[in-house]
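Before we start, here is the structure in question, set down as structure tokens.
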Amino acid sequence: MATANLAARRRTVNNVMTGVLWAAALSIIVLLAFFVGYILYLGAPVISWHFLTAPPSELAAGGGIGPEIFNSFYILILTLIFTTPIATAGGIYLQEYARPGIFTSAVQFCAESLATIPSIVMGLFGLLVFVTLLHWHFTALGGALTLTILNLPALMRVTQEALQTVPSTFREGSMALGATKWQTIRRVVLPSAIAPLTTGIVLIAGRIFGETAALIFTAGVSVSAGRSAYDFGLFHQAETLSVHLWYVHSEGLVPDAAQVGNGSALVLLVMVLIFNIGARLLGYALHKRLTGK
Amino acid sequence: MTTTTEIKMCVEDLNVYYGSFHAIKDASLQVPENGVMALIGPSGCGKSTFIRALNRMHDLVPDVTVQGRVTLDGEDIYAKDVDPVTIRHRIGMVFQRPNPFPKSIFENVAYGPRIHGVRSRKRLLEIAERSLRHAALWDEVKDRLDKSALELSGGQQQRLCIARVLAVEPEVILMDEPASALDPIATSKIEDLIGDLKKDYTVVIVTHSMQQAARISDNTAFFLMGELIEIGPTRDIFFKPQDKRTEDYITGRYG
Amino acid sequence: MAALMLYLAYMGLQLFFIDHVNPLVFLFSPNFSPDAHHPGALVFILGSVFVTLFALCVGGPFGVGVGVFLSQIAPPKLATLMKPAIEILVGIPSVVYGWLGLTLLAPLIRHSTGSLTGFGLLTAGIVLSIMILPTVISLSEDALRAVHISMKEGSMALGATRWQTIWSVMLPAARSGLTVAVILGIARAIGEALAVQMVIGNSAVLPKGLLAPTAALTTEIVTDMGSAQEGTVLYHSLFSMAFLLLLIAMALILGVRLAVRRSS
């Protein structure tokens, strides 16, 4: 029975391939769990109140990462302050106002290309403009502005996608009551899109928090010497936590670089988890409040 | 060729649920061999759900439960040791919207034989020609077998999909409103084709058009709200319906 | 955007117009001696190409496979569970991947192969393979979900198995979307700097094998930019590399556009 054989073989191939795909997918989960577990295992012994708050050390062991954590948040907040208004405005324009045409597709094309440019290349651009051309040297502001350019396209996209989730009946309903387009966007469309918008922004915030390559040559690799650990100076060097992790390994001189690295990696990972879970919870809560479900 | 009424498929107490929604309620019917059976009823009555249960298409969708017995030549197609894949090999299906694969015309027809193990190009070409001729499409496409199937008109695409099913030589062909997306000329071509197919195949067709059912079918089953109301020779259903609800539908008293 | 392009082009071309370096030397010489006025970048170019190809060969099929799983096979509950996991993989900073490569993978490779340092093409390639996974997975999942259900039904109704349907109908039908997934995976791999820099070994020599240390365009920039004096040949050649990376990114975006246009 050739056909029976054939059918059996097809069934076997199907089952084997299904198994392979299951294995591939499950290995992703195992991989992630393993990464988290491993970083936790390495980093947990290092974490202490002193490590989390003390300034780093240049030569001796026992330095902390306090200012780095602070700088990471500081640059993140600066970046969000710059990016959010521009990106939401851009997203609203593209989604609600723009008509298909040369200008719109040019903007889209620029945004797409901008999103593909390696962050290290963006870092060099920041170096040229903020450090060399404007003579700011390595600054928190320069770093934040570089990250602004780097993340604009992603945030604009998030805005566009969030607006797309709003059914057009909402817009029609509001316009039919005599509201202007802007009133409609402001009072109907934006509030309905707030949940996915917030989720998207927080997820991108997580990425900004971990960004490194664009900051090495713009915000610098050390915290401002001699100043307070928590330094709001816009024009002071501001090494972030992720940059610190790279720096202690690649260029650092401290003997306990491995410990500092393990601890920093753990803090970074925990922050990323918090951003991801937070984004979901926040989006969920907003959605619930909005729909009353 | 058989002229007697051998029973090809038999459905006993079929129930289908979408989640908790009871879509088909205790339907039982018999499909005679080498004939055309039409399933009619207002939209949402469950006729599409019913026909998809006949070749286990519901297996592809989560949250659908099928209960009851469906037999093909006396063999329960829902039995535990039956592979739905071999069932679908024997019971082909044509869908409401033409769904040619984004491949060439030839590759569309050759797809079925290929997956069932036919390798030789010569043999595949023979099968393709025979199936396309049978589907009354050969003359229109014989010079452009390598062109994309998506370049064909809607009616041609649907006949291609029929040829695609014929190429795997099924015993039963299920058709789910195969002409509903087509213009009248394309529709009449499909109807002629169905009349021709019943010489070699058993055809079950869902249609929303009573005229179509009257023109092409030997037997007709009338569904209403998930229930099989009445079944019989098409002539009887249309001219002397037994059930008041069938009569109301035939005479146009439902939407 | 245009300013960025022009500025980087201006800086990137200074090597050729001010230092009068022959562009062919830059592109094809494996000898990187900027002090001797001979900044051949072939090592870095090949390094970038190799690690990217490696990531593509390992992470590409793996990522598309998981995309297939999520869109065609996974029970809906499992699929919704895996989405956040994949997002977390995207969110993990590249330095943390680098750190994992450094503390976990490199020692492993050192012990299992007898390589001297554990740093090199193989280590960098594996780290990158993992890093491009989320991109490839979610884009290929989207591409496959965009294929109309009637394609799947049509194939299954002919008696095809699920795998035959996936292989012969779904994957070809999603071809343009899958191309985009792969191209953006390439973009992520070729542009990644730090994770690679931490494990590739950073020596400007052509690698003799998978285990040998070498360098890539991005990693060379990271390694030497800090010490490069403004106006030197080294400084200019690093900007030429950045400009080259920019051109590659643009080419990839054009590739994406082409793939999308062809499908419509």
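A few points about this structure:
By letter and in written order, the chains are A, B and C; residue numbering begins at 1 in each of them.
The rule we apply is simple: a contact is a pair of C-beta atoms (placed from the backbone, for glycine too) under 8 Å apart; a residue touches a chain by one contact, two chains touch by 3 or more.
The structure displayed is predicted, hence computed values, not measured ones.
If you take subunit A and subunit C together, the chains in touch with both are B. The pair of chains sharing the greatest count of C-beta contacts is A-C.
Distances between chain centres, each the mean of the C-alpha atoms, put B farthest from subunit C. In terms of their C-alpha centroids, the spacing between subunit A and subunit C amounts to 19 Å.
Note: centroid distance subunit B to subunit C, computed from Cα atoms, is 48 Å. With each centre defined as the average position of its C-alpha atoms, the distance from subunit A to subunit B rounds to 52 Å.
For subunit B, residues touching at least two other chains, in rising order: 85-86, 115-116.
With touch defined as above, residues shared between interfaces to two or more other chains in subunit C number as follows: 161, 164. Within subunit A, the positions touching two or more other chains are listed as 10-11, 14.
Interface residues of subunit B, counted against subunit A in their complex, comprise 83, 85-86, 115-117. Residue ranges on subunit B touching subunit C, taken from their complex, read 55, 57, 60, 62, 85-90, 92-93, 95, 97, 99-103, 111-112, 114-116, 161, 164-165, 168, 170. The residues of subunit A lying in touch with subunit B in their complex are 2-3, 6-7, 10-11, 14. For subunit C in complex with subunit A, the touching residues are 1-2, 4, 7-8, 11, 62, 65-66, 68-70, 73-74, 78, 82, 84-96, 98-100, 102-104, 130, 133, 137, 161-164, 166-167, 184, 187, 190-194, 197-198, 218, 221-222, 225-226, 230, 238-239, 242, 245-246, 249-250, 252-253, 256-257. Of all residues in subunit A, those touching subunit C in their complex are 10-11, 13-14, 17-18, 20-22, 24-25, 28-29, 31-32, 35, 38-39, 42, 109-110, 112-114, 116-121, 124-125, 127-129, 132, 149, 203, 206-207, 209-213, 216-217, 221, 242-243, 245-246, 249-251, 258, 261-262, 265, 268-269, 272-273, 275-277, 280.
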